[in-house]
Structures are given as structure tokens and as C-alpha cells.
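There are structures below to look over.
Shared between the two complexes below is chain A, which pairs with chain B and chain C, respectively.
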Partner chain A sequence: MTRLSLLTALLAILLAACASGTASQTLPEPRIVYGLTLMPSGFDPHLNASAELGIPLRSVYDTLVYRDPATGAFVPGLASQWEISADGRTYTFNLRTDVVFHDGTPFNAQAVAANLDRITNPDNGSQKARFMLGPLTGYEVLDDHTIRLILSEPYAPLLDSLSQVYLGIASPTQLAEYDNATYQFHQVGTGPFRMVEYVPGDRLVLTRNPQYAWGPSFYTLPDNPVQTIEFRFFEDPPTRTLALESGEVHIVGEIQPVDAQLLSGNPEIRLYPVPIPGQPLQFLMNTRRFPTDSLTVRQALILATNRAAIAETIFQRFSPIAYGPLTAVTDDYYPQVADTYPYDIAQAQALLSAVGFTERNAEGILMVPTGLQSAPTQVAAGTATPTASSAGLPLKLTMVIPPWGQIPQVAQLIQSQWRQVGIDVEIRQVAGLGQLREAAAEGTYNLIALNFFGRDASLLEQFFLSDGALNWTRYSDVELDTYLRDAGRETDPARRSAFYAAAQTRIMEQALILPIRDYVNLNGATARLTGVAFDAQGWFPLLHNFGWIAGED
Partner chain B sequence: MRIPLPDLIGSAQRQPRPFAVPVMILSIVVVITLAAPLLNLPDPRTAVAEAHLRPPSLEHPFGTDALGRDVLSRTLWGGQQTLLVALLGAGIAILPGLVLGVMAGYNQGWTDRLLMAGMDILLAFPNLLLGLATIALIGPGRFSIALAVGLAGLPAYARVARAAVLMVRSAPYIDAAHAIGVPPGQILLFHILPNIRESLFSFAGVSLSWAILNGAALAFLGFGGDPAIPDWGAMLNEGRAVFRLAPWIALPPGIAITLTIFAANRLADAWQDTAGHRI
Partner chain C sequence: MWRFMRDRLLTTLLTVWGASTLAFLVLRLLPGDAITNQMLQGGASPATIAARRAAMGLESPLPIQYVRFLLDLIRGDLGYSYLTQQPVNALIGEQLGATISLASAALFIAIILGLALGMIEALYWPRWPGQIASALNVLALAAPIYWTGTLAIYVFSTQLSLLPATGSGSPIHLLLPAGVLGFHVAGSIARVTRTSLRRIQEAPFVRTAYAKGLRSSQILFSHVLRASFPPILSIIALQTGFLLGGTVITEMIFVRQGIGQLLQHAVIDQDYPVVLGVVVLAAITYSVVNTLADIGHGLLDPRLRLAEES
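On to the complex of A and B.
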């Protein structure tokens, strides 16, 4: 090699090094910006719990199985087929043999094992993935492409868990090379996109994996597929709409419902409202505190709430009204709960009088009677006995709410609606989940707002089992516990559905929650983006299907 | 030939800025907000879902907000809330700040060094950050905001009070008072404080405008506790979310905050000028 060519080579390397400072600039077009709505504390799907992380990472990883978003059916993913033993305790997966990770590592049963080891190792402190595996006790690698998962008892939600990004299969080479804190910056999966860089608080960049040929049945490559996606953070709701209109972002979720009318007249923008499976926006009612310890009072509160007005005013009709503890697109949703509590102020007032609230003060607020007797309709758990301090005072409920998801506005509308039946509400808005948990532990609330998302109805367990981690209703009932536990263990879908129907009925009979509206994620995207679709969990886009209509910029 | 020097000290010699304008603005703001209960306005907390986002009309001169509440009523009632929190906050900043600053300035020595080191540490943090830290510790609510605003303003006020005491402490008439055996308490009360009152008043005005601003900022961020209770800062945030559809929601509280702070600052200037004029 001559000296000159050596110099040229050196220069070229130098230039390349300069360019790599902005590695994402040289990635293939078309390139889009995807707006994320909050900054997760961590981006590691095995360890962190945020839903936001799945928006990019759903397409970096594949999962053993997938759920078809249209039918909800489980379809092959990294596992080409699987077999569940008759007793529901072992799941045997036959793995695909043609899959390689983005770093060239071949995909096999040992790779799955390495992932399971990482998730189940208690030292790693997995916030979500470990719990999704339920009573998993171990696995057996039968051969290079067969693995068997072993459970201590039947666990019906397992396939749903395995279809989610939190149990996405990462490259064992990378897992060995990086530790828990650094792996999130070097994530490698088998999915249709590979991760280029993640700069916390600024951006996360993905680019298409050209080798990808093992996607599930509903992954279809569009004409002119989007090649590079830069995720940026748009935490402030009003700015999302502005960024979308100005072209700063090409697709973003959680647009304010009121902005829909600004966008609907814009031919360059399309709205994609996506119903989210899981729990509706709901208030959990404290069954151990006066006066919501009375079933009659709880029923009166639901009857006195005009949910149609809330859905119309705050959610601009983008959300269906919720009637029970699950949204209508959740598995095993029981539609009959819709009949339990219509909006009926007269009935609400009659119920309140029946338990002794008859006197009103000058402002029209009901007075707590001094000698209140337990009403006949009450159940064993808690009685409507006013504490010494509240007797003779106006009836005032305490409502604890987080600041997100338009919940403060909903709370204020409810406050006004309930004043019409003579109930005063004090709203305590806290700053975040941590303070919400503190307030829940303190127990000095009548209502508290929290809801989780997920396609499988088993998410009811943590909220409604007597010993559930989030049993903020403080309700304890053998009957409800039995329905929920049996449903979790039942592998026959029809019988499982029946248990959940009974559980939903029981929850509403006991008026444990005040459901408001089914959650709908209002996404907006430029009309040039094609194939915009979301997975069975609702939150996560199928980036593989995203295409771009070329035109002058 | 002599070239006239620029009038570098002119500001101290020109006519003091008048009290009349800021006093007038502040009285109007206070009187109107205090009169809110007498004006027969719609209840500021009652949401009327059907009537949301209505533009200004005869029925609702300032329109309605996203929950159908009367914006005029919320602005007036919100003024009570905002001003009360600001006054409380300014009080929490000024009274202990004055005591600490005067103690440090008058005693000097270790008391001074210790107190001022503490104040300097607090001053190193931006005002609002200190407020946010306080809220994080004691939780949201109106009185939390007042306390947060007060604690954030306290170190600055203590610093100013100390500096003012130091200015007159070494004056001959103080030495004279010492010499004839006037007790320290009397020297402070009758000889020092009356001579620094303009500085103290002036900075109290500044503290008040900070308290309004910081209080509104914390309410804007949603730390006011019950969101139904109107407050200018919280209203600004509510209005901001729908500003393009309904600009009438954010404008009244925005204008009210601006006017009140302007008036409080002008009042501070006027006091400052009387001090300069007298000396």
C-alpha cells in the first residue's frame, strides 16, 4: 500500500468517525419521527414496566407467540407450534430454525432459556415480566429448537404474557455482554427493526432489519416501507397537536380529545382512535370508610354519575361509556354489566334517603344523621356507621386522583354532578403514582382513581382479590376470590369466561368501582403514513406494516 | 471646551416614581376579587357539561371553560385564592426573613456567618426549585403552595434586611446611641428599623410579586390540591390546553397576573425612590 492510499484510508476512517457522531443521520430513507408521550424511567422490557417502552421495542423483539389483533387468536411467532399438557402445567414450544438475531447470533432454545433466566433471576428485580410468567418454576431444553416451560399450577394467562414485548427474546450474546443498567442502550432482538441508538430524554432510533423473514401472519411489508424511525418525546399534550400539524412529528399517540376537532378538518392528518383493552377509567371505592362502606351509598354514587355527559364533554365522544371493571375490547368482557346502573338521579336520592340521609343544609348538602343505623342492604364488610367526627356535619367524600389522563377534569365534573344529589366532594390531586400509593396506604379516601391495561382479564386479580396488591377497595369476599382464582387456573376458555362473567357481575353488584369510560388512545398521523395499525394490546404499533407515500417535501 | 458628563447618578435625583398608579391598580384588583361573592355570579366550581367552551356572551362575559364553568366568576374567585396564597407566602418570607436578617446584621460575628451561610446555601437553588422541593416533601395543597413560596423567598429577604442593617449600623448616630447606653433592643426598634424601612418595604413589594408569580407557577403545575377551586395559575394551565379553541379562558387570569405583578413591582420602585429622595 502506498503512503498516499494509506493517508486516504486514514482520512476516510476519520470522516466516517465524524459521521458516526450522528450515526442516525446516514440511515436509509424514508424516515419518520414517532412521538412518545412520556419518558420511561427505563427502556428494558424485561426489567421495566412502562407501556411507553413497548411502542418502539415491540418491533425490535419477536415473541414466542403473537396475538392476531383482529381476532385475538394466538398465532405462531418464534415458536412455530406449541402444545399444552392436559393438566395445564407444561407448555412445549417448537422453535423456528431460520431465525437470527440482529447481531448474527442464531436463535434457539438456549437463547430462550437465557432470557427466562434473566427475567426470573430475583436479583434483576423485574418490575413486570416476572409477574407475567405467574407460577413458572422452570424450563427444560429438550433439543436445540424445543423448550418446555414448567408451571407449579395451571396458569391460563401464560400465552398472552408470552405474546407481549415484556417477554420478547433478546440476543443472549448481548445479555452476557452488558449488565442490567447498560443493556437498554444496546438492545438486540430478532424483530423487523433493529435499535441504532438510545439517548435518554432525547431520542431512540430504529432502522429496518433487512433479513427479517419470520414475522407473524399479520405482519405485511407495504410498498415503500418506512426504513428508519426516530422516537422523540412529546410529554406536553397540547404540543403534540402542534408538532403533528407542523410536521415535526409524523405520528403521535394520546392527543387531547378536544384537539380532534382542530385536526379533523386537516386533510394532511388522520386520526386513529384505538380502544385499549384492560380496565376503564375508574374510581375504586373504599369499602372500609364512611360513607362508602355502605353498599347503598356506593350504588347511589354510580346512579348519580352522568357518564354520557362526561364522555361527551371531556372525551368528545371518542370513548365508549364504561359499565364494568373491564373495557369492551378486553378478553372475557361480560356485556351484561351494562344494565346494572343507569343514570338515575331520583333513584340515587331515594337510596340515600333509605340509609338515613334526609336533612339538607342551606347549600343543599345532605347532613350526616347522628343516629345512623346500618341499612338492611349492607353486606358484612363494613357498615355505614358515621365516625363520631362526621355525625351532624355535611356529607363530604374524599377523592384522590392522579394528574394524568384527563382524570382531574372527570373528577371535577363528578363533583358538580354529585352536588345535585347533595354530596360534597373534596378532590385531592397528587403528583404521581408514588403519592397515589401513599394515599392508598393511608386509607383516608372514599374514592381513588387507578386503572391498568392488558388484554387478559386476569389483571382483575391484583385489584379485587382480598390479598391483591392493589386492593384499594379494601373489599374482602370469599365468593369473588373464588371466581378470580378459579378463572386464573382454568384452561378451558368457555369455563374461564364464565368465571370472569361471575366476577364482573359480583364486582358491580357490590358497586366496588365507579367505571367512567373505556380507554381510547387517540393517535394522529400524517396522511402520508400508510399501514398504521396496532397490536392486540392496543398501545403498540405494528411498525413493520408502516409505509410512506412519497411526494415533494 | 468642557464635555458634559453623562448623568450617571440622575436616577437618584429625579422625581420619585408615583405611588398613585400601582396603588390604584392593586386596589381595583383587590376590591373586585373581594366583591366576587356580592356580584351574583354563577358558582365558580359548578361544571355545566352542556355549556362547555362557550365564547364570551351576555350570559358569560368571559365565556365558559372546558367544563362549562363561567370564566369571569372563576377569574374573580380565583383572584381571592391567588392573592391569599401570595400574601401568606410573602408573609412567610418576610417576617422570619426580617428577623433572621436583622439578627445577623446587628449581631455580626458567628451568628451572622452561620445564618448567612445557611441563607446562601438556599439562595444557590433557583426559587421555583426550592418551592418544588417543599411541595415534594409536604404534598400538594393551597397552604403547601403558600409555605413553598414563602420558604423560597425567605433567604433573599433575609439577605436584603441584613444589608440594610449593615448600612446604618456603623452610622455615627448609632454609635452615639450606644455611647449613651441605649439598650440594643431599643436601638434596633427606634434607631435602625425606622431608617431602613423604605428598603424593607420596597423589597416586600418585590417579595409579593415573586410570591404571586411562584404561587401561580406551582398552581399551574397542578400542585394546588383540589383542581375545582379556581386559581389564576391553575386557570392558565386549563386554558392553555384549549388555547387555540378557546383563548378566552387563559387570557383573563393571564392579564390579571401580569397587572398585579406590574403594580406590585411599581409599588416597590416607588418606595425605593422615596428612600433615595430622602437621603
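On to the complex of A and C.
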């Protein structure tokens, strides 16, 4: 009796647990499954920093302005027009009068104010949105449909910030009703899709907002629009491709390049490679540790790296080679950096012998000569790491890498390429951003891989200002600081571009980074999905434009 | 019996205290945390980050933080996630159901499969059914879950379209992930079953049973199996640890929600209150399962009961 009842109880628990999962409502068709590749820890765009949250939520919220994905130009969103004062310190927005939130709350200047209050309140601990507002000090509600934002100093990236989902405008009614921990489950915006439910770790469901009639110029309603989208978390890359082939997911990003190559022969699947603006896959070189403290050595390392081979073998030619600190689709990208360091082993070797690396050991690794003087370093940035005296030992570099973005494979390929010029590399892989940051703080690396995304070139500040929070090159230079600071305050686009051109040139002249490839998000979708397009930041789909070709399933 | 229960309860409490204290110390002594990482990515200055950490009580001396943590733990309060500011109890509660169904289904499959493979190996070796069972057993023990998992999706879902690979919602969705996880858990169970069966088969009382003229099926089911069960029960209980670890990878490959996913992300994001919460939960589960196994031992093996009573 005991054995049987134990078995029955087990089965009962099992069935009960399974049944609890089937809460899916009868939502309008056509319905698709969208595969997310990461599970964000929090889904609140005002408070959390994940890029993945924007994939669904970009279409739940509207923003005051939008950026046209084709031209990058700012176009009206919830604001029908705006005016920037001559000193660049006040922005006045005239708001649309015909917009309502999904819960029926009318959209107006007070709603924008409530959102700004929430984002800027330090108690709410915003991880990203707050910092995107830069030197914002306050706002003035001029009338029901006019609001003025006030800055303490000019801040050129503001419009780009306001065009992003992190500054999407939420219903003040909902914000008042829920607290910081619970709002993410009850998000209400004015966008083309409404949020139906969010079950952490399992799914997030959106359904079309039938009232939506205030989209930006590049939102177009397709024939047979997709009505319901279920987002699920496909964190394991092989599962992504297999699920796409079996039809369990209809669109998914970050397909592995090798899988994409295989899928390109499948007529039922279409590939959408999207270049992502921001920084390329790059290694930051530690300018305060031997031997990368020497400019000549840093230059030799770039020259000794065969980026074409990396792009070909690891990225299957889906990614362009990167030459500078910004990808080619980023605002103010300076194309002239492309000529600085071609692949040239002979030149790399010549540079290395010029600084004294001439002897090789039995394995062909260069020996660190005795009596070698470290290159004089610039003004100290943070804690100085003493340049290790490894005279008489084989030349060995330490490379710290995260596990994502095929960086481990890239690191291995570089390791074998540099072996040819006589440099040994020790690769240290860490688990995530936190662990990477700890390694950076320790400072015992020569190269460390990290890059951020964003359309506005101001993202260089964190990495290259002397006091930048991510100045992992530990480089400190008044000239570079001036270019970056001036660019951040400059509101004239042409002059701003010139500052960034100078900054990019300086970064490459000093060989602060080893750029590898421009990031390309390889999206795959069933051929029955139409209108697949992405926004100006590259990551976020324009779900409004998604349509479905009907046919038998 | 009461003394037994009291001892077990004490051991359980000690285990939970030890595991959570160790986890607390290790996590606090590691540099970095979720708040710092996220705010840094957002562009916050070090001063802003320090203020935020102070507001969350993370700048207080370690002993004070520890006492606070213990007092909360006694009240059953596991604190709040650094990242989402939700109570850890709620985060675990949301994911518990999915993991219980995966783990119990996998365990169910593992027990059936493990016993079957072990018995076939013990009884049919070296004929072909024994060879096949042995090969499967080695595969279950040696192959990594992500390999068999991906293979299972490719064969049963992409190629044969028999079973859905991903998602939850119906028992059908549970079959592939529970099957794969159960297969790997079955490996150790099969090995212990085989060894234990072989050992008992050679015992004098079995020879006596044969000599008495009992049918071999009768001997197997009512004498040998019962006598070989205690070590099998122990290995099943010990496999809970492996099972909990296996859910992490299984949940990821098969796109399922659950505690494993929660833990994996909390570790990578350095969301320490969530990590601690899951450690406490795992310690409790492990202790409870092993207590049940000990009780089971007593029921199965009269010698143990007699020893205690005397």
C-alpha cells in the first residue's frame, strides 16, 4: 500500500505542477514566439539596465522622440516638436494631444513629469535611465502639453537618450499604484503593444494595442499584422537554432555564426544580420603594466593580429573588421582610423626588436632582455601597477575575457597568431561583468575584453576619460580628455563630430585598444514573418511592422 | 523514534546554519556585487554607488550584517534581491513549482530506469542485454547533460517532430527535459543496483532459497531485491544534490523556468541575497531527503530497527 500511495502522490504533484503552467489566455491570432537570448534579472526600463528588456518593451512604450533607423535623424514621437535653447541648456517639448495610455489615462505633460520624478528619485536606484539624463536638474510644466527640461550644462546626447526605451513614458496611474518591485509586472505605456503578463523565467506576453495611431514616421502597419507575441528565454545557443528549425520559435537573435551559415541554405528561414552601433569587440590594453606599457609593443600587437582570419573563421564573414573604438554604424564614426594598422607580421617583429626583444627560447618565444627600461608612463590614473621585472623570462601576456560574444574563440585564435611573432598569451576567462570588473580592479592583465553598445559616441567617455569608471587601459591624457569632454558639451553636430574624430585618432595613435570586429546581431526568423526591422540602436525590433503570411501550419 | 526525529531535526538545523554561514561569508568576502555592476554599466559615479550600497546596509561591518542576516533567516525572511528589489521568498516561490515538477519527474524516470538498467546488467551479463545496459550506464555517467540534451532535441524534436523541445505548460513538455535529466541521474542508481544485486545473489541465504526449490523469479523479487535495496536508497538520496545541479543546465537547454535558472543568473549577476536563499533551500531539501532515506532504511532493514530498540 505504501509504495503505491507514494507513487500516486508523486504523480499527483507532477500533474498539479504542470497544470499550473497553462494559464495562457485566448489572445488574438496570429501569434508568434520571439526568442530572447538572455533572461534579464529585472524588466523595468526605468530601473534596470539590461539591453534584452528593450526587445519587448520598446514596443510597449513610446518615447518623446524617435530616431529614424535608416538615417539616424530625430523624428517626432510623443513630442510633436521641440526646441533647444541657444546655450544648449533647455529643451522645450510640445506634446501630442491625441495619445492615451493602455489603461485609458490621457497622455500629457504631467505624465512626463511623473516619469522624470520616478527616474531621478535616488531612492528608486535607477541603474541606467537616470544616468542617460546627464546633467538634468529639473523640469517645468508650461501647460498641459508643453514641458521644458533644464540642464546645468549643455549635454549633447540628451535627444538620443530620450529616444530610448529606458526613458519610455509609463502611465502615471500605474506608477502610483505599484511599487518598484511590482510595477514590472504591470507595465503600461502608449506603444503599439500592451503587456499581458510577465512570468519570470518563463514568458512575457504582448498583444497589439488596437487604438495605436501615433507612431513615428517609420512605423507602418503590415497586411495581416501579428497580434500576439510571446517572448521566451533561449539562453542556450544550440537550442535557439534547433527551435527555429522545428518552428517552436519564430524569430530569435544572436544565432551562432556557424549555425547561421547552415541556416542560410534553408528556404523556410530568413537571416537578418543587424550591425550594432557602439564599440566593436575589443581588447583594452593596460598601459600601466609591462610590456603593454610600451606604445611600440601595443602597436606591434595590433599589427600581429590577423583580423581578417578571425572574421572569416569565427564570424563566418558576417562581421566587418573593426579598426577603431567605434563600429562603422555609430554616430561620428571616423573612417580614417581604418588605415592605421594593417596586418603586417614583419613590421610587428621589427617593432618588437626595436624595443629590445631579439632573443628567442627553444619554443620560439621572445625573451625579455635584461636591463630593458619600461617606457615612461603618462600621469598616473588611479592606482599604479608596478611594471613587473621579468627580465630573462619568456615574454608572456595576460588576457582577461568574459565568456560571451565568441570572445573565448577570438582569444584562442589571437593566442596562436601571436605565437608566430614569439609572444605567449595566458587567457583567463571569468564568469560575468562583475568578475571582469574585479579582474580590472586587480590590474594584473595586459589585455581585457569589454565593449558597450549605443548609437551616441559619448559612450567612449566611460572607457577613455582619465577618471572614467571603465578606464581599464589606465591611460591618462589631457588631450584625449579635452576632446571627449568638449564633444559631450558641444551641440553643433559638425563640431561635435570633429572632436570625436580627433578622439578616435588619438586612441588609435596611442594603440589603447585592439579592435577586432564590428558587432552584428544575427537574427533568424521564419520566412512567414514579414516586416522584420530593427530600431536605430540595432537591438530592438519594430514589432509594429511585423506581419504574418497565412498558410497551413 | 522521538529521539531519532529530534536528532535529525538538530542535524538539519546545523546543516542549514553551516551552509548558509559559509555561503554568507564567501559571498561577502568576494569583491563586487550586483548593485555596483549594474550602476556602473548605467554610468553612475563611484560616490553614487557607495551611497546606494550604504542605503542597502552593505557598508556596515561584516559581523553586524551577519547577525542581521541570521535574525532574518530565523524569521524565515531571506531578504530582497539587489536587482529587482523583490523579496527572495517570492522569487523562489515563483520558480519552485517548475523545478519540483522537473526534479520529481526526472527522479521518477531515474529510479525506474536505474533499477531496470542495474537489474539487466546484474542478471544478463555478459549476454547482449547486459552489454547494452552497461553501455547506456556508462553513457549516463560520462556524457555531459548539455550534449545529450541537445542531441535529444535534435532527434526527437527537430528531426522526428515527436516531442516539443522547449516550453512548459503541459506534461508533454516535461518529457524530454525530465527524460534527459532522469537518464543521467539513473547512471549512479544503475551502478549501485548492479553491485548490490550481485553481492546479495552470492549471499548464503540466496543459495539456501535455491536449495529449498524456490523459483528464481520468486527469489529475485521477494528476497534479493529487498535485501539489496538499502544501498540503492542511499544513492537515490545522495543523487538529490546532482539532481538539483542538473536542473540548472536542463532548464537552460530546454527553455524552462525554475530554481536552477534563478540561481545561475543570481551567481553571474552577483545578486547575493538570491544566491543565499537558494543555498538555504538546497540545504533544507538535502537534509530532508536524507532524513527520509534514513527512515526508509529503518523500514526496509529490520536489523537497524532492532539495533536501535535494544
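Please note the rule applied: the second predicted complex is superposed on the first by the 511 of 553 C-alpha atoms of A that agree within 3 Å, B and C clash if a C-alpha of one lies under 4 Å from a C-alpha of the other, contacts with A are read in each partner's own complex, and residues count from 1 in each chain.
Note that in this section a contact is a pair of C-beta atoms (placed from the backbone, for glycine too) under 8 Å apart; a residue touches a chain by one contact, two chains touch by 3 or more.
Fair warning: this is a prediction, and the values are worked out from it, not measured in the lab.
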Please work out whether A:238 is in contact with chain B alone, chain C alone, both, or neither, and reply first, second, both or neither. both
What is the contact status of A:256 with respect to chain B (first) and chain C (second): first, second, both, or neither? first
By residue count, which of the two partners contacts chain A more extensively, chain B or chain C? C
Can A:200 be said to touch chain B (first), chain C (second), both, or neither? second
With both complexes overlaid on chain A, does A:443 touch chain B (first), chain C (second), both or neither? neither
A:435 in the overlay: touching chain B, chain C, both, or neither? Say first, second, both or neither. both
Check the residue A:313 against both partner chains and state whether it touches chain B (first), chain C (second), both, or neither. first
Looking at the overlay, does A:131 come into contact with chain B only (first), chain C only (second), both, or neither? second
Once the structures are superposed on A, label A:409 by its partner contacts, choosing first (chain B), second (chain C), both or neither. first
Which of chain B and chain C A:335 touches, first, second, both or neither: neither
Intersected contact list for chain A, partners chain B and chain C 238, 431, 435
List the residues on chain B that touch chain A in their complex, please. 45-50, 52-53, 66-68, 135-136, 139-140, 222-228, 240-245
Sort out for me which residues of chain A touch chain B in the complex. 237-238, 256, 258-259, 261-262, 306, 309-310, 312-314, 403, 408-409, 411-413, 415-417, 419, 426-431, 435
Note which residues of chain C are touching chain A in the complex, please. 30-46, 48, 51-52, 55, 80-81, 83-87, 91, 94-95, 97-98, 100-101, 104-105, 108, 146, 150, 153-154, 157-158, 161, 164-171, 173-174, 252-258, 261-262, 265-271
Along chain A, where are the residues that touch chain C in the complex? 10-11, 13-15, 17-18, 20-22, 24, 39, 41-42, 44, 48-49, 122-123, 125-132, 180-182, 184, 199-202, 232-236, 238-239, 242-243, 245-246, 248-249, 431-435, 437-438, 441, 452, 462, 469-470
